[in-house]
Amino acid sequence: MSRRSRRPRAVTALLLAPTTAWYLLLLLAPLAILVIFSLGERSPVGGYLPGLSLDNYARLPTRATAFANTFALAAVSTGLCALIGYPLAYYLATRAGSKRTILLVLVVLPFLTSFLIRTYAWFTILGANGLPAVAAALGVEPKPVLLNTHLAVFVGIVYNYLSLMVFPIYVSLERLDKRLLEASKDLGAGRWATFRQVTLPLSAPGLVSGGLLVFIPMMGEYIVPALLGGGKVFFVGNALVDLFLQSRNWPFGSAMAIGLIVVVLISVTAYLRIAARGRVERETSLL
Amino acid sequence: APPTGGSPTPGSPAATTPGTSPTTGATPSGDWAPPAGVSLGDTLNLTTWPNYHDQKTLDKFKDLTGVTVNVTVEGANESMLAKLQAGGTGWDVLVPTNYTFPTYAELKLLEPLELAKLPHFDASTYEKRFLEPAYQPAGSDKLYGINKDWGTTGYVINTETVKEPMTSWKDFWDKTRDAYSRKVTIHDYQLTSIGNALKYFGYSFNSVEPSELAKAEQLLLDVKPHLFAITSDYQPPMRAKDAVMAMAWTGDAVQLNRDIPTIQYVIGSEGGEIWSDFYSVVAGAPHREAAYAFIDYMAVPAVAAKDAEFHGYPLADSVATSLLPESFTKNPIIYPDEKLLTPLEFGAAVTLTDENRAELWARVKSA
Amino acid sequence: MGASPPVGDLRTGGSAAPGVEADVELLDVTKRFGSVVAVDRLTLRIARGAFYSLLGPSGCGKTTTLRMIAGFEDPTSGEVRIGGRSVDGVPPYRRNVNTVFQHYALFPHMDVGRNVGYGLRQRGITGAEERRRVTEALELVRLRGYEHRRAWELSGGQQQRVALARALINRPTVLLLDEPLGALDLKLRREMQLELKSLQTQVGITFVYVTHDQEEAITMSDRIVVMHDGRVLQEGSPAELYNEPRSRYVAGFLGQSNFIAGRVVEGGPSLAIATPGGLRVLARRPVGLEAPAAGAEVTVAIRPERIRLLGAAGEGAAAEANALVGRVTHATYLGDQVEHRVQVDGVGEIVARAMAPETMDAGESATPRFAPGDQVIATWQRAAALVLTE
Amino acid sequence: MSRRSRRPRAVTALLLAPTTAWYLLLLLAPLAILVIFSLGERSPVGGYLPGLSLDNYARLPTRATAFANTFALAAVSTGLCALIGYPLAYYLATRAGSKRTILLVLVVLPFLTSFLIRTYAWFTILGANGLPAVAAALGVEPKPVLLNTHLAVFVGIVYNYLSLMVFPIYVSLERLDKRLLEASKDLGAGRWATFRQVTLPLSAPGLVSGGLLVFIPMMGEYIVPALLGGGKVFFVGNALVDLFLQSRNWPFGSAMAIGLIVVVLISVTAYLRIAARGRVERETSLL
Amino acid sequence: MGASPPVGDLRTGGSAAPGVEADVELLDVTKRFGSVVAVDRLTLRIARGAFYSLLGPSGCGKTTTLRMIAGFEDPTSGEVRIGGRSVDGVPPYRRNVNTVFQHYALFPHMDVGRNVGYGLRQRGITGAEERRRVTEALELVRLRGYEHRRAWELSGGQQQRVALARALINRPTVLLLDEPLGALDLKLRREMQLELKSLQTQVGITFVYVTHDQEEAITMSDRIVVMHDGRVLQEGSPAELYNEPRSRYVAGFLGQSNFIAGRVVEGGPSLAIATPGGLRVLARRPVGLEAPAAGAEVTVAIRPERIRLLGAAGEGAAAEANALVGRVTHATYLGDQVEHRVQVDGVGEIVARAMAPETMDAGESATPRFAPGDQVIATWQRAAALVLTE
């Protein structure tokens, strides 16, 4: 192993060369475009005029609220998905063969029906003629309003993002060495203690991966809150659409996109650092 | 067709209309025949709005010319523009909205029409105000597109709940703040939302006057807590009766009214937006001849009229209009009476892209 | 004097007779894995504070037995009792039992110190107290200063010692040890044996011990049970098992034995057996077993170290019984001992062991050294020859 | 362990109760709606009229091509993502701490910039004035066309789906017991042989999970091909949008959605069965 | 006769002198893990076809050494050569070396049969031939019929035997075995030892063997090296190491020894040492080491089995040298042997071992049995006492 860690195997490198190139192109090309745009200025007819100024960045604070809202939404949603996703993943990982298969598919299924249809289904369910009507029929007074509430938004988000959280956690739990759980119980740790001290840390990679898969897209999300939440809350996503599609202020829009990326990078790295430090502390003896 | 800022996909529901041709019978071609002596090729790429053309019309064109029309659907003028700027789209015919012409012309993304190639187009039968925006620079005789159809922006009400007469934007904004609080939606689109707020004070729909905008902003901030939603996708809440009043475009109004007769369309007496769509030829179109042939074909009044019965928008060509059935021309949603139309204004590109209005809108939504 | 209890046998019986207070009991326990029967109607009674060893061939069910006591496996049938109460359905963490796993099962995400302190932390012992005890436990297993190593940074033996420390630190009432010293060198193993023994006697922990090291089992255990195919073959004190094996298998499993097949010609307390080769062997019955009738087919078992080899010269011995004439085939050096293999016609190979010759003064005649090919007489006393029927 | 597998622990069950309920609602409610709709008929003005007929299902064959195209697209895309994603995941899994963190974030980043902006970026890059112009400038003749090509479509898809594939694989590789790889090499298996016979089977759960996460949404996908491929190919996704939003034939649309779900369930289960059987064969001695 | 080669020592030297054909060579190899020095300037030469054992305390670097030969670790410095060629940078799968891992490393996703056949399949041997050889290999390790079990369905010892079979089946030129029989019971281990030995001699495989079972090392090895802290302490044939240890550590590690500190009073070949307690001890120097000068501080090492205990009655002995008077503190039963611990004033505890008394005829006086408290005289012959300076 030492060798691998010292110099990546020739083959790996070879395998990687195209991927990396390909991926860097995929990833960086758009980023590069954004950066270039963000330094330019808006042409009278909208769009982009080459330039080299940071004015657009200087204007970012005018969208502070959007950033705040976005961050809050992403954070809460990620937590929510983790809370709901972990038990589900745990359940999947402890099921046997074919049963597990079915369950796995069920988890992704919501992904299938196109976003639009999902959302319309939700309109129908949460709208005045849906569940509220049912509730009212059952004598619930006053007739509850579900649409354009936080509940609606989070229902929609969980529905759209849950499986991104479930799968990595499932995989990390799937190969967990049961003998370590036995050892923990043998040493007097109850189920919760064992979960907290062994299962959870050992499935951390899954949890972290799931967290990234949910948190980062959530930072760009705005459609679900717009459709199920009434779009009265301003997210960076909205701001971007407005800038690109209405005022056609590409440079400022690009600056915002970059700003968003920076925020994400900072928060994620911070989070991972903390998680890591937390883990190290947990794992390392105080002696 | 109205642009749709927040819409999740191209193919905006906001632009949808009843899907099936109400009348049956052979699709007319008038006396149209393909131009002699030019080869049209076998395909034509038409970039337009969702559900905006009767497949029968396109099939007929193929019968006559052997040219298959590939329809690409776009959800916003801005995305059409963005893609044309990117280049390499392979588009031939584009269906832009009035306010985009200054930009297209300046960026030379469309070509000035060679009227010689459009024998069936007769400018004199078109209502002038609808054709005007296509002349660039304004006032010149360079025509960049011919009218397809036009529409207005007003608001829909569900008379099942909204009993009292509603006639103005004043009514709209005031009722929103008391009677129908939390049951009203406005567009997630600064052009119309700010524009119609300006109308409350009687200012121009296109105003960029800071003092006037300040008042509009005050109104919007004042109204916001009473809104059910800020969305350009207002059909579902209207249908589900979550909303009883919604800022709306002609097309949606027609459709909602058809499905739920209690839903009525109101054009603010103070005025508001009027818009029109065009057929244009993309600069460097790969199938240029076919493009002209198609536009000329669509200029035939009988063809346009037949097509209109499908998409349900009013026409600018008086001859074509005269060929439409009563049920269509007498529908106040489609053809509002003249006195309501007069005060309406075309939205301008500068209005849509104005910095101050953009910032204002951002502040309102952040509130 | 042969049958008189050997020095080693000065121990308190570790197995509890029915009624006597037993700390751990397995009553008629069976464990099946699908078609595999790992433990088969096993009944054990282990007295409080006893050092109780499970011996048996690989795969005979030792680990499975421990796992049932610890609570990781439920018996397919039968009952496990700890401290007199049935523990059916009691989860492992509610049993005051700790285990040293055959496969260590160290936590990869914790360093050595945290691994060892794990049990303490579960009982709310943290901080300075935890640190103190961890250091203590690591000293016990000679790993002081390894607190911050990770499991995968340790050698096999070091890992095993961490596993040992992790279990010992909790001072449970019952400790299950599954080959806890198997990966240690002889020197360290001896030290650990002493540590374990003193701990067990001082703290009074009940040890259930699995080992493949016979000297370990014999020197440390109060009681030993020999298992085979999930069943009990024989249970008793080390000396009993070694000196009075009741079956060929036990005689051959615990230490070595020479087996001579034959037929009983003289019944009664002092038996005489005739071999097919026509030789006559005097032997005794293991204590507590009644003698077989004359004519019965039996096996005579004799420990190699109880066989003395005399040079063919010493014809005097040849006359007496229990003397087989043969030819040396191998002479192997075993460090402190020498092993001779002698081919005896009509009987087969006889193995004899004696202390390495250097221990003998030149002057003495006892157990001279022989080279392959030498003719010798293998002789032993009646007390050393056991008649086995199973 | 035996106990767990015999009866799920009380706690797990408890933990699960709400999740399951919640999730079943989330998952089944929309499905139920679809089923009900699919049995009804279209009202003259569009939308839904209650009914109980299977006509809509009978009409499904008229959309056979759409199904075929969709399936092909999903299958190929999934394969492509696996091909590109696995080496990437492998690379990530063999990197050390902070470096790995950065890379992980980079992989999800594309998810951040909203779909719209991504797509515009792609237009700018692939459009005639983008890469092709660059290429032409570098003297490539004839000036290559990238937009509205298969390449463009797959670039877009990989860009949008890759991280869904990478993360589960990464997690499954992350805890892989290196000693097994040593054992394999010790027994004379080269890097490829070891990969094929040890690494791959042991990371199968990750690969399968990733496959599901990509394949199933892909079955509903139509926007990427529409935008980057020129939308000349008809997918079930398009069909659904048309039916729900334009001809507003909800019943037939619902029938199609159900049809799609059935196709997915069948193909996925089949695939998993095969994979499983394959594995069992590989792993079980012929003796 | 003490120094005369013992019977066991009839083996071909397994270590290759420089120049002589060596199969595996480690030249001045060092391996560091961060701050930890696992192997420290180690030099070994292992002759083709030799049975070469690495002995040493837990953590002394045995496994690391094997891992460097197999190619899993690169030496921090120094060179590893196999078949005379340096293998720096040669990946494990290109070295015709197989390993039995201390931790087994069985493939969890394959059943036993596939695990064992793995190496064959890599060389394109599949189908019937693979099946045949797998069955053969499993028979060798007494696991016939376990082909379809999964690793986690096996007991510890069964897993170890699968690991053994998986390596043996490939008939490599060099086989590295890291405690390959550690988890097996004595009986099975003996059988496996014979199997391994015959395989090694027949097929002529070079064995590099790590074990903690001293009898195993001594009986099977051609050469043994004793390591400590990653360094070589002594290398030689089993008999050399056992009879002529050159340092206290080796004397104490391989078997047991009694150590008596003292000062040389008579130099020359036959040394005399005076203990602080004023006793006089006659001793010899290990073969090949020159004697220390008079006055040097030294340690005398005597094997327990070479010490004879005489009843205090035998005063006659008391007169002669090498006789210490003391009192028995423990008498422990070890199955085939009895161990007495004797407290001797001015010297400390002396351990003496003899065959279990039952082996002696009533008539004989040799090594009678003593109980704790008895006064005894511990005596040995000069040849048994080694003078060590390290």
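Just so it is clear, A, B, C, D and E label the chains in written order, and each chain counts residues from 1 on its own.
Criterion: a contact is a pair of C-beta atoms (placed from the backbone, for glycine too) under 8 Å apart; a residue touches a chain by one contact, two chains touch by 3 or more.
Computed from a predicted model, the values in this text were never measured in an experiment.
Peer 1: Just how many steps, at minimum, does a route from chain B to chain C need if it may pass only between touching chains?
Peer 2: When the steps are counted carefully, the minimum from chain B to chain C is 2.
Peer 1: Report the chain whose mean Cα position is at the greatest distance from that of chain E.
Peer 2: B
Peer 1: Return the chain pair with more inter-chain C-beta contacts, choosing between D-E and A-B.
Peer 2: Answer to which pair has more contacts is A-B.
Peer 1: Could you grab the centroid distance between chain C and chain E? Build each centroid from C-alpha atoms only and quote it in angstrom.
Peer 2: For chain C versus chain E, the centre distance works out to 22 Å.
Peer 1: Distance from the CA centroid of chain C to that of chain D, rounded to the nearest Å?
Peer 2: Centre-to-centre distance between chain C and chain D: 59 Å.
Peer 1: Between chain B and chain D, what is the separation of their C-alpha centroids in Å?
Peer 2: 37
Peer 1: On chain A, where are the residues touching two or more other chains?
Peer 2: Counting only residues that touch two or more other chains, chain A contributes 1, 116, 120, 124, 182, 202, 222, 241, 244-245.
Peer 1: Using the touch definition from the top, which residues of chain E touch two or more other chains?
Peer 2: Each of 72, 103 in chain E touches at least two other chains.
Peer 1: If a residue has to touch 2 or more other chains to count, which residues of chain B qualify?
Peer 2: If we look for residues of chain B contacting two or more partner chains, we find 9, 79, 82, 85.
Peer 1: Provide the residue numbers of chain D that touch chain A in the complex, in ascending order.
Peer 2: 1, 4-5, 8-9, 11-12, 15-16, 19, 22-23, 26-27, 29-30, 33-34, 84, 87-88, 90-91, 94, 96-97, 101-102, 104-106, 108-114, 116-118, 120-122, 124-125, 155, 158-159, 162-164, 167-168, 170-172, 174-175, 178, 182, 191-192, 202, 205-206, 208-210, 212-213, 216-217, 219-222, 237, 240-241, 244-245, 253, 257, 260-261, 264-265, 268-269, 272, 276
Peer 1: Spell out the residues on chain B that touch chain A in their complex, using ranges where they run on.
Peer 2: For chain B paired with chain A, touching residues are 3, 5-6, 8-9, 76, 78-79, 81-82, 85, 102-103, 106-107, 188-191, 224, 227-231, 233, 236-237, 240-242, 349, 352-355, 357-359, 361-362, 365-366.
Peer 1: Which residues, counting only chain A, touch chain C once they are in their complex?
Peer 2: Touching chain C from chain A are residues 177, 179-180, 182-190, 193-194, 197-198, 201-202, 279, 282-287.
Peer 1: Would you pull the chain C residues touching chain E in the complex into a rising list?
Peer 2: Of all residues in chain C, those touching chain E are 1-2, 6-9, 33, 36, 55-59, 62-63, 102-103, 153-158, 161, 178-179, 182-189, 212, 214-215, 218-219, 238-239, 242-243, 252-255, 303-306, 308, 331-338, 353-359, 361-362, 364, 366, 369, 371, 380-381, 383-384.
Peer 1: Which part of chain D faces chain B closely enough to touch in the complex?
Peer 2: 45-47, 120, 123-124, 126-130, 132-133, 145-148, 223, 226-227, 230-232, 241, 245-249
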